[in-house]
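Both complexes below contain chain A, partnered by chain B and then by chain C.
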Partner chain A sequence: MKTWLSRFGLVIALLCIGTALSIVKPVFLTFPNLLNVVRQISINGILAVGVTYVLLTGGVDLSLGSVVALSGVVAAGFAHPGDWPVIVPVAAGVLVGAACGGINGLVVTKGRVAPFIVTLGMMTAARGVALVVSGGKPVSNLGESFRWIGSGAVPVIVFLAVSCVSWVVLSNLRLGRHLYAVGGNENAARASGINVEGVKLFAYTICGALAGLGGVVLAARITTGQPNAGVGYELDAIAAVVIGGTSLSGGVGGVGGTILGALLMGVINNGLDLLNVSSYYQAIVKGIIIVGAVWLNQRKEKS
Partner chain B sequence: MRRLLEFILALALSGCAQHKSDEGRVLIGVSLLNLSNEFIVMLHRAMETRAAELSVKLIVNDAQRSADRQVQQVETFIAQRVDAIILNPCEVEASSPAVEKAIAAGIPIINVNSETRAAPTAFVGSRDEESARLAMEYIARRLDGRGNVVMMHGFMGQAAQIKRDRGAKDTLAKFPGLKLIAEQSAEWDRAKAMSLMENWIQSLGAKINAVFAQNDEMAMGALLALEQAGLKDKVIVVGVDAISDALQAVKAGRLDATVFQDARGQGRGAVDLAVKLLRNEPFEKQVYIPFQLVTRENVGDYMN
Partner chain C sequence: MRPARKSNRRTRPGHPKLHSGEIPGLAGGWNSIAAGLCCVKRLRVLQVLDVSKSFPGIRALDRVRLDVSDGTVHALVGENGAGKSTLMKIVAGLIRPDEGELLFKGQRFRPRNPHDALKAGIAMIPQELMPFRELTVAENIFVGHEPILRLGWLDKKKMQREAARLLGQVGVAIPPTARMKDLTVAQMQVVEIAKALAHNADLLIMDEPTSAISEREVETLFSIIGDLKRRGVSVIYVSHRLDEIFRISDAVTVLRDGQHVATRPITDIDRNTLITLMVGRDIEETAGPSATATGEVALELRGLTKRGKFTGVDLTLRQGEIVGLAGLMGAGRTELAEVIFGLVRSDGGEVRVHGRAVKIESPGDAIAHGIGMVTEDRHKFGLVPVMSVKHNITLADLPGWWINRRAENAMADEQLRAYSIKVRDRNQIAGTLSGGNQQKVVLAKTLLPRPSILILDEPTRGIDIGSKAEMHAFVRKLAREGMAVLLISSELPELLCLSTRLLVMRQGRISAELDPRSVTQETVLRHAMPKER
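Coming up: the complex of A and B.
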């Protein structure tokens, strides 16, 4: 009930900003522009859905941006025209991401190192591997069928598919309930027979795999695998999740809020560009909105 | 933990041992802005090639965009008593202490590619304003001096962004028929530039006649957005840096022009200067390597 209330608040915020924008800039409310907005949020959205799993368990993943870069250059390496069927680069990117996430999960659960530290290490290491694999240069000359993944509405469809599956997993499957239980109270979850380590490992692996998928979509969209891509993407993704009402301490939240959070960030980005607001002020506005949205959410939850 | 310490110690010692065996050779410490940037990678390669030709040894450190780390690297070079230092500065102000410390320690220091406030022994690079001037003049020529231009900035406040902005605006002032109708930062990033261009297509649409992006990454992003919107035929896109992707795009007739910054010339020039200095030969204190406009006509000269 509480999360529904806070989600309702976000919807109202979105509607207000959207109405204001469409009055000042009528072009905002046209189909091509709205498609623009959803396409531009789809990569951040895929990452945000992934990191929702980890945040729900009370963990964090700072390695997303670097994993995006790594899986992007790996996928691009398999995607030159005539090399392989398109499934190969996609699978390679997702698997590389899943491997990074799996390592994060193993060190967190078996090594008992704080997630912040583990994923900070992965952030540095994965960036390094991306640079080694690519020789520090972008991997370009990608085939038509691979580039298709990043064109038109395809990124949006991928984002929607990821969201739907995650919504089912988190709200209807036993695994999802276990994720909430672990994040809510780890000891209670363990006492009630939940495999806490397994659940956490699952969360980090899925998060990594989705970061890998995000990297594939990004590489397809910008038609090159960039070893320096994705810097700071982890923070945008985490911002979208917390704006959407998922608690950083775990146990509360969900995919629905995350999608709304990503949408809010995308609408603001698009709106500020349409209004041609100077880059200096854009940064200030975005910062205020992130904190403001979370603050409003918390007030709603308490009342 | 103890085994880890031993391992690190062993690594450090093997590093020292290697250093010993190279005694007698000229040793130059190099601190680079960021080795995940294609231009800096090309600069680095040119330096290594030239150093091998002159049988000079380089110690190369990557400052990863941090001026603070860069100053520490130069301090380490000074402690190692290298013969000369080549600095590829991260920041105008914040990298200045690195130059001051080297000069104070009596070690010659050469700035390559960009400047610091503190004066080094010598400088090799290009005038960034010139790159934007070449690009804008090209746009003016193509539009016969009349039309609407949008500009994509790099990271606001970085030396290259400030100078390319200045060069572009000074040139625009000479063409009263050219109007800058929007400008925004896309932070040197292809994906961000693509989103920005999509948003501009929505808000400005057919009004845009030309895009000047302060680097090729952003020009490529703008190009992709325009192509997907079916507008590329109507809009001129120009970037700076002549990275390989951009050269391919110019060759294919997709990108209208880019501006070549001579990484090879700068890298070789820096090593040459260092060696001249150490041999007490006469040298120029400021070596400027010119930028060159690359269009479909001459793109073949820049591809290898």
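Coming up: the complex of A and C.
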């Protein structure tokens, strides 16, 4: 009930901002501009959907940005023209991401180290690996079929597909229900026979795999594997999730909210661009929106 | 900035020592009565006047009275759930009473928090000590009222000097610079006592202080208590150990079901009378134990051991049987249940389910072997409070990897009906239900996978009388249908009226097997009380 209410609030906020923007800047409501908005949010959206899994279990993943860079570099390495069919670089990028996430999950569950620390370590280490594999230089000269992944509406389609699958997983699969239970009360979940470690491992692995996919899409879009790409992406992704009403303490939220959160961030960015607000000020606005949205959510839950 | 407090005891301003029979702040009628009492007895440091306190669903205290005389040790006894803790929490300012009044040193006393109580001179040493483990002994003693120099600098020298002096008063040599985490439990207790002295406490509440310390340390503690008495400090001593109570206390008050039963000078009472007063009540429930069932053996424990918790437990549980497990807190009953259910690993021994030795390493294993458990702590292990009632009920038994919503709704509705759980609808958030309904949700969840063995740990704690009766009816019905039930309860009447067999645990071992139809509560309690040290 509460989550529906908060999602409803987000929809209203989106409509209000959209209406205001289309009055002030009619260009906002044109198809090319709207496509641009969803194109811009698609990578953040993919990462945000991934980290939703982890946040639902009550964990956190700070390594997304570095994993994006690492998987982008690895995928690009397989994507030179005439090297491999396009499925190979894509799979390589996703698998590298899944491996990073899997390591996070193993250390969190078996090593019992706090997720914040584990993924902070991975954030540094994965960046280092990306620099090592690429020799610190961008990996360019990518094949056309690979670059196609980042062109036109393809990133948007990937984002939508990821969202749909995740929505089904979280709302219709037993596994999804177990994710909510683990985040809602880990002890009760264990006492109900749920394999808490397995569920957490799954969440971190999926989150890493989707970060890997995000890295592939990004590399295809900027047509290079950049070892320095993706800095700060994890925070944008987490911001979209919490704006969407997922609780940082776990157990409450979902993909629907995350999509709306990412969309809201994208629309505001786009609006500020159209209004010629400098990127310096945009950062300030973004900060206020993140805190404001969560504050409003919490107020609603209390009342 | 606060000036460092002088430590001249018992002559603080605003708290004149009362020598006449008059107690300020009392109405005339009371005054004359009080004056009359004071002529024959000592002054009261604490008077609890008709204090009541209700929690959702239960009346924890019902017009309770308690008089503690100056410079005496007053024991407070009662079964688990009698209201001792609630009363002590009220006196120590942790919770506020609904009705009634406290008089401390003759003045109306309404602590809003533990700090208020401490400032007034009431210190509580809880059963589970919660020291600042990383801080030093001196820092722990002065936490919250540290001596400071100008600009807020800590006066560490003074702190250590004062800490050493206070510890000297208690007569125990603990270096003030030691880290709290390096001390034994007994030493931590002494530091707590020194902390109380630092606040010039006139009344010290000790809740089961000997439950976690060795015999020699108990002797030290008792000599400290004797010393405190001579200084004029009063002690409220909460304990299950009757021998200790007879040794050190001057008077004893018995609580039962939230009501004051008796207060006697310790010289006017003997051990058996005290036990009778503690148990007291008749068994209200009319229905006696169900007929002795002789089904197949469902669960068998052989020499099950968990170091530090329980040792060599043998137990046989048959289908259709309700085996009651009595014992005091800390006897190892909950720990035993947690090991059987796989929440905690055992250190040795064997568990056999339906004749086959099984290895249970997680609750998932236990559920797969047909064991269900309703845990003692509903909030910790029972409920996912942010999820809906429906999702909670089906949590342990979602068939298949894909959730069939229609089937899930049907399962949830059936359980809601079967256990008459009152909800707005099945999507209501579980955390918003009343305690009794939450407990029924947990029971419904536990029973959905159709276990053949059911462990109930304090299934009626903290729920209202109506839900309690329903819970009892469910348990009987389940047993009639062949369920093997292991029932842990701290309420003897509940155990006696439900169980077909009764086991008593004492200090990690099964101390007796009794027939609930012929046994008295006194006998059960005698087997449950720790042996003389």
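What we mean here is this: the second predicted complex is superposed on the first by the 303 of 303 C-alpha atoms of A that agree within 3 Å, B and C clash if a C-alpha of one lies under 4 Å from a C-alpha of the other, contacts with A are read in each partner's own complex, and residues count from 1 in each chain.
Convention: a contact is a pair of C-beta atoms (placed from the backbone, for glycine too) under 8 Å apart; a residue touches a chain by one contact, two chains touch by 3 or more.
Because the structure is predicted, anything quoted here is derived from the model rather than measured.
Enquirer: With everything superposed onto chain A, say whether chain B and chain C fit together or clash.
Expert: fit
Enquirer: Contacts for A:131 in the overlay, against chain B (first) and chain C (second): which applies, first, second, both or neither?
Expert: First partner only.
Enquirer: For A:273, using the defined touch cut-off, is the partner it touches chain B, chain C, both, or neither? Pick first, second, both or neither.
Expert: After superposition on chain A, A:273 lies in contact with chain B alone.
Enquirer: Report for A:163: first if it touches chain B alone, second if chain C alone, otherwise both or neither.
Expert: neither
Enquirer: According to the stated criteria, A:174 is in contact with first (chain B), second (chain C), both, or neither; which is it?
Expert: A:174 sits against chain C, while chain B stays out of touch.
Enquirer: In the superposed arrangement, does A:194 touch chain B (first), chain C (second), both or neither?
Expert: The answer is second: A:194 touches chain C but not chain B.
Enquirer: Between chain B (first) and chain C (second), which, if any, makes contact with A:52: first, second, both or neither?
Expert: Neither partner.
Enquirer: Rounded to a multiple of 10, tell me what angle the C-alpha centres of chain B and chain C make at the one for chain A, in degrees.
Expert: Reported to the nearest 10, the angle reads 120 degrees.
Enquirer: Given the touch rule stated above, what does A:252 touch, chain B (first), chain C (second), both, or neither?
Expert: A:252 sits against chain C, while chain B stays out of touch.
Enquirer: Which partner, once the models are overlaid, touches more of chain A's residues, chain C or chain B?
Expert: B
Enquirer: Chain B to chain C: minimum CA distance in the overlay, Å?
Expert: Superposed model gives a least chain B-chain C C-alpha distance of 21 Å.
Enquirer: Which chain A residues lie in the overlap of the chain B contact set and the chain C contact set?
Expert: Residues common to the chain A contacts of chain C and of chain B do not exist here, since the sets are disjoint.
Enquirer: Tell me, which parts of chain B touch chain A in their complex?
Expert: Residues 35-38, 41, 153, 156, 182, 184-185, 189-191, 194-196, 198-200, 202-203, 220-221, 224, 228, 243-245, 248.
Enquirer: Residue numbers of chain C touching chain A in their complex, please.
Expert: 341, 343, 362-364, 366-368, 373, 375, 380-387, 391, 395-396, 398, 400-403, 405, 427, 429, 445, 449
Enquirer: Please output the residues of chain A touching chain B within their complex, sorted ascending.
Expert: By the definition above, chain A touches chain B via 25, 27-28, 30, 32-33, 36, 39-40, 43, 127, 131, 135-138, 140-141, 151-152, 218, 221-224, 226-229, 269-270, 273-276, 278-280.
Enquirer: Show me the residue ranges of chain A that touch chain C in the complex, using the header's touch definition.
Expert: 1-2, 172-175, 177, 180-181, 184-185, 187-195, 247, 251-252
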